[in-house]
Amino acid sequence: MTSRADGRADDELRPIKFTRGFTSHPAGSVLVEFGNTRVMCTASVTEGVPSWRRGSGLGWLTAEYSMLPAATHERSKRESVRGKIGGRTHEISRLIGRSLRACIDLAALGENTIAIDCDVLQADGGTRTAAITGAYVALADAVTYLGAAGKLADPQPLSCIIAAVSVGVVDGRVRLDLPYDEDSRAEVDMNVVATDAGTLVEVQGTGEGATFARGTLDKMLDVACAGIENIVAAQREVLSQPYPGSLPGSGQ
Amino acid sequence: MTSRADGRADDELRPIKFTRGFTSHPAGSVLVEFGNTRVMCTASVTEGVPSWRRGSGLGWLTAEYSMLPAATHERSKRESVRGKIGGRTHEISRLIGRSLRACIDLAALGENTIAIDCDVLQADGGTRTAAITGAYVALADAVTYLGAAGKLADPQPLSCIIAAVSVGVVDGRVRLDLPYDEDSRAEVDMNVVATDAGTLVEVQGTGEGATFARGTLDKMLDVACAGIENIVAAQREVLSQPYPGSLPGSGQ
Amino acid sequence: MTSRADGRADDELRPIKFTRGFTSHPAGSVLVEFGNTRVMCTASVTEGVPSWRRGSGLGWLTAEYSMLPAATHERSKRESVRGKIGGRTHEISRLIGRSLRACIDLAALGENTIAIDCDVLQADGGTRTAAITGAYVALADAVTYLGAAGKLADPQPLSCIIAAVSVGVVDGRVRLDLPYDEDSRAEVDMNVVATDAGTLVEVQGTGEGATFARGTLDKMLDVACAGIENIVAAQREVLSQPYPGSLPGSGQ
Amino acid sequence: MTSRADGRADDELRPIKFTRGFTSHPAGSVLVEFGNTRVMCTASVTEGVPSWRRGSGLGWLTAEYSMLPAATHERSKRESVRGKIGGRTHEISRLIGRSLRACIDLAALGENTIAIDCDVLQADGGTRTAAITGAYVALADAVTYLGAAGKLADPQPLSCIIAAVSVGVVDGRVRLDLPYDEDSRAEVDMNVVATDAGTLVEVQGTGEGATFARGTLDKMLDVACAGIENIVAAQREVLSQPYPGSLPGSGQ
Amino acid sequence: MTSRADGRADDELRPIKFTRGFTSHPAGSVLVEFGNTRVMCTASVTEGVPSWRRGSGLGWLTAEYSMLPAATHERSKRESVRGKIGGRTHEISRLIGRSLRACIDLAALGENTIAIDCDVLQADGGTRTAAITGAYVALADAVTYLGAAGKLADPQPLSCIIAAVSVGVVDGRVRLDLPYDEDSRAEVDMNVVATDAGTLVEVQGTGEGATFARGTLDKMLDVACAGIENIVAAQREVLSQPYPGSLPGSGQ
Amino acid sequence: MTSRADGRADDELRPIKFTRGFTSHPAGSVLVEFGNTRVMCTASVTEGVPSWRRGSGLGWLTAEYSMLPAATHERSKRESVRGKIGGRTHEISRLIGRSLRACIDLAALGENTIAIDCDVLQADGGTRTAAITGAYVALADAVTYLGAAGKLADPQPLSCIIAAVSVGVVDGRVRLDLPYDEDSRAEVDMNVVATDAGTLVEVQGTGEGATFARGTLDKMLDVACAGIENIVAAQREVLSQPYPGSLPGSGQ
């Protein structure tokens, strides 16, 4: 039997850590770590909404994902210098935005936008799922901030917790939360986004140079959903601590 | 009970039609229609491979998807004029490429590239799944062409048939092959790419402003996989006809 | 004497065919064929006008031309992927727009824009002149649609028919409507846009690595103008059929 | 009868002036003036040819036209800042390149490129025709320079003189060499490029919101060709003076 | 002792020349020459201000610098064709804008913008300092024009004269106003922008592959400031002549 | 007398902190903090040099600076999404590159490139000077790594230490190391880059809407140079610790 390089069981997560208040300007700022993968997730509140949404009375949530050039094993070229966003970046940014819009009542924001930024400081597999997971915590902090500032029509606009994890088939075995060295040789690769209620938000599974049976898909979903329960517990735990900075009107 | 506007059963496909030899310059050229959705799919053979693959002795397959400006209900802006590819276009182009690379032995091509182009002439939902389905037929024709030209190291480099279909939850019911008016109000939207052997290549399911239960996912997969069997039958049928143009060395 | 590869007389057109209602979303949609050259021409009505024209009370007509990547003998690179429009595309788009603006009273539209899109599905010489010719038919259909919708200040805003053809000197002989294999070795190449009244809209003649005498220019114009008479007859013929879709308020 | 604002006869040119050696780095550098239109035209010799021409043994000539922001009545936006070349710029650059390639035997250059730059310092109509006319003089100087440097396979690679002029219908009258105030209200606008032998290189005539009769075209060509004879005389005159800088090997 | 190629003393300027009214459309248009460096500097008045400044009641001054392709010894690529502004161009444009904003009371303009354009026709070192110096003269002319047009809230919005010069260490000696052949081998390179009162606006000194002592910096500043006194005298002299064109309401 | 908001003396630095080994993929990775300004500085070694340097046998050092969107008080737009690098970013990237090239013997690298990336995680004034200071430490680590890997022709290619600091005039007083709230209202702003030997590398001083006397410049330089001595001491201190990761061949 092939065991994992880091000694984990196949259905075991890497250590997960959240540092709330990682930076101080954005309303929510969280450094999330899934093992050696480290992503800085921020939620900034800006006035106004995109033009296609103006006059609706509804807010908006948008997300941008980016990999710092030195985050990867080999330095990658900076997209601002290349002058365009690559397809992978586009795809992940859209996924993060869609995932977080599933938990928030945008009507509560009025015509304001929450901009989520997920910048990968160090990549070791699973950057998109770590980003979604950390961004939820940053979003929760931003919502707390907006509430304290008296800017929410509905005091509790978040209807659920959002978390995500990767799962794949490596060496013929279904494994949870793949680091880079497993991810790069996985036969099947899947990202699952789900809620604390166990319902699904997004499922993306891809055969990498191979196809996979329906039974494998079912097994991967089982493992991913169990993993997400643990991630949600960690999110709940860290969010049970007070807001990491000074809140408007808090006298701090 | 809410019935579908076009009278179909929930698990019924729209009429599917392939026109092989739709244009004559590319080695494979197919107009695929899923109801009113019409996509021109071509497979062109070009010498050489991308720089990161040079010297490997392996070929490559790349894909580009594009929506003609007047294909949609409201004219959409041309991406060449905007000067950049949008996120949705990027995402779909990558999906088509990944899906078709799952069926072809790229070593058989030598250092040559097959460029798949999927241009949507008319959009009525399911353009990406129609594109994958039609592109497979164009690819099969291009492979026939390459074989006749004596350019394949392996005479049969396609290991399976690739087909795709959309499925979703509309009005609380799981429905197959959504047209635009269903797609635009679907609660859950899923695209499934699979092979003639029933194995999966890619699964992408998204809650649109809602989350969905694991049971719903399972039901959607059942319906999609059954639909794909019928699509594969149509692909087999149309590919049982001879190559639509003149083949190298055929004396035609 | 050198005869033409397709057996035509020097002053003979290729077979011309118009398919009205080629797609159903735009107000006008026409597939035009000049022999093997096939261009999808659409006329879409959009609200508003460019900013420099706002407040004038006048409408606008704009045109965009594009070659699908697989339309040419060798696949050409997609301009949206290159991130910019090439000079040839720019030039032809501007020519189509100018040519069609010569026949329409833009005041009749109010501050609305007709966007002409000409996408070449298959290229075999003369794509720009086929595009202008087909776009006129699409424009006429869009005008019919706007009239039925009660959106025209003047019920008959088209003052003339616009048609175009190429002419050139090949093998020392003046020839009409050049296919690719003649065009690519023509000594002189000319595009003529004219009206059903025989007046000229645009004349562009270029010596390709050679100069040409005034007498040659005169001869080319004679041949082109005669050809345009025949094209106009074909346009009239196809437009004598009813509008190919359902018109607003038609009870269809 | 309406007379011209500057008192010229309808078929009279504006004063034309060439300043050779306007700048000293390029092999050819000419400031050309057609009345108040002033264009700096340079011909620079660079090693190598574009990739599609490599290995042919042939040289290349390319041209770029640009309007300085403050050259026009209202300052226009700089294209480098907009990040893309506009359609008009593209069109004129291509016209200048084609026109000058008609007079030069590119085989004589070996695999080297002559880059023509035409930068409009002040615009008052007819910038593209002034540019072609001035660029020919700069090209002739560059050829002299290359000859002195012993870099020409053929000592006389220019087969003819190239000149250009605009002509149009203004106030119902055919007029030569239109300044901006005539050009902006011309009913028909035409640019003619021809040789010292009286043969044509390029003819571009456009009805501006109007169409024009064949007889008008003929009249415009007569006037333009007569005007070009006078321009050629001025070119010959200025080129009868010695090369304006020091030539390689001249001991200067 | 190493003397300078052009025979100047180490602290001597090249001949400086201003041609006011170099072109006629912009409110200010000056050709400035520092030896063989020639820059066309214009100041154009446009209505409105950038969006971030709207509603402030204040005007704005912006500057763009550009090198014509043939201005340099080897032709350089046109930035509009490359599709982006290079770092050096950006840096110099920003320097010119900052420098000139130091002398003008923008409140006097109302919400209007003065656009400075500095286009280098011929480069021989010191193009940025020549540009600033010439642009000041163009700005002074534009202010005279605006005053005559009754568009200034304050009749004398310029509080000082701005001039600039380069200085460097070449062959171990501090030298003023470096031409290209000195600049390209300078050990230290410095640009100084100052006023007629002798105060500093901007100081930028750079060791080129070497570092420099504080004493060298002091010496360079001494030489530069003395040079600027002479440049200011030349600016005063040329501006003592009347405005070079016709002023609004002047009866000219 | 106006005192500083954070209680510092006018010539006092903010607390400076370096975290070496901040991330693990690049050869050098340092988080530098100047008070609340935090910049992640990495030095990555890549094979090859830019094309203009190929064949020289010399290495290259390049630098890119970027501000994360949420680093500033108001979220700023991501440059990769805008599709171009702004002028300020360009300017700072060039400054960092020039500054570090002053201390390294590029011949020792062979034809390899060190890519410096400075990404601002949190901005509170002085980001460019913090970036240079931190990047030097990352560069020193990368050089140690290269030496251990046996890839340096010269075992000690760094000739000096490079450090930088900002200084300015605020409330009429010369102050060192300005935080954002001082920087944004400074009358004069200066950045000084110097070596451990006290020689200067780069000096950039700018009057912000004001000019400044030579005496003020002298005073600012005095204060900056004294500050840099302290920064250099901090750099020496942190670099006296061992390399923070495992070195090639170290058996770690």
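Labels A, B, C, D, E and F are assigned to the chains in the order they are written; within every chain, residues are numbered from 1.
FYI, contacts are C-beta pairs under 8 Å (C-beta built on N, C-alpha and C of every residue); 3 or more make two chains touch, one makes a residue touch a chain.
Heads up on the chains, UniProt names are A, B, C, D, E, F = Ribonuclease PH.
Predicted model only: the values in this text are computed from it and were never measured.
Novice: If we define chain centres by averaging CA atoms, which chain lands farthest from subunit F? Would you check?
Specialist: Taking each chain's C-alpha mean as its centre, the farthest from subunit F is C.
Novice: Quick check for the class: compute each chain's Cα centroid; which one is farthest from the centroid of subunit E?
Specialist: Most remote chain from subunit E, centroid-wise, comes out as B.
Novice: For the interface formed by B-C, which of the candidate pairs C-D, E-F or D-E is equivalent, sharing more than half of the contact pairs by residue number?
Specialist: D-E
Novice: Measuring centre to centre with CA averages, how many angstrom lie between subunit A and subunit B?
Specialist: The answer is 29 Å.
Novice: Roughly how many whole angstrom separate the Cα centroids of subunit C and subunit E?
Specialist: Distance between chain centres: 50 Å.
Novice: Provide the list of subunit C residues touching at least two other chains, using ranges where the numbers run on.
Specialist: Correct list: 83-85.
Novice: If each protein chain is taken as a node and each touching pair as an edge, is the resulting graph a line, ring, star, complete or other?
Specialist: ring
Novice: Beginning with subunit C and moving on to subunit D, name the chains as they sit around the ring.
Specialist: Listed round the ring from subunit C, with subunit D adjacent next, the chains are C, D, E, F, A, B.
Novice: Note which residues of subunit C are touching subunit B in the complex, please.
Specialist: Residues 23-26, 29, 36, 38, 40, 42, 44, 46, 64, 66, 68-75, 78-85, 89, 115, 117, 119, 121-123 of subunit C touch subunit B in their complex.
Novice: Report the residues of subunit A in contact with subunit B in the complex, numbered from low to high.
Specialist: 84-88, 90-91, 93-94, 98, 101-102, 160, 190, 194-195, 197-207, 209-214, 217-218, 221, 225
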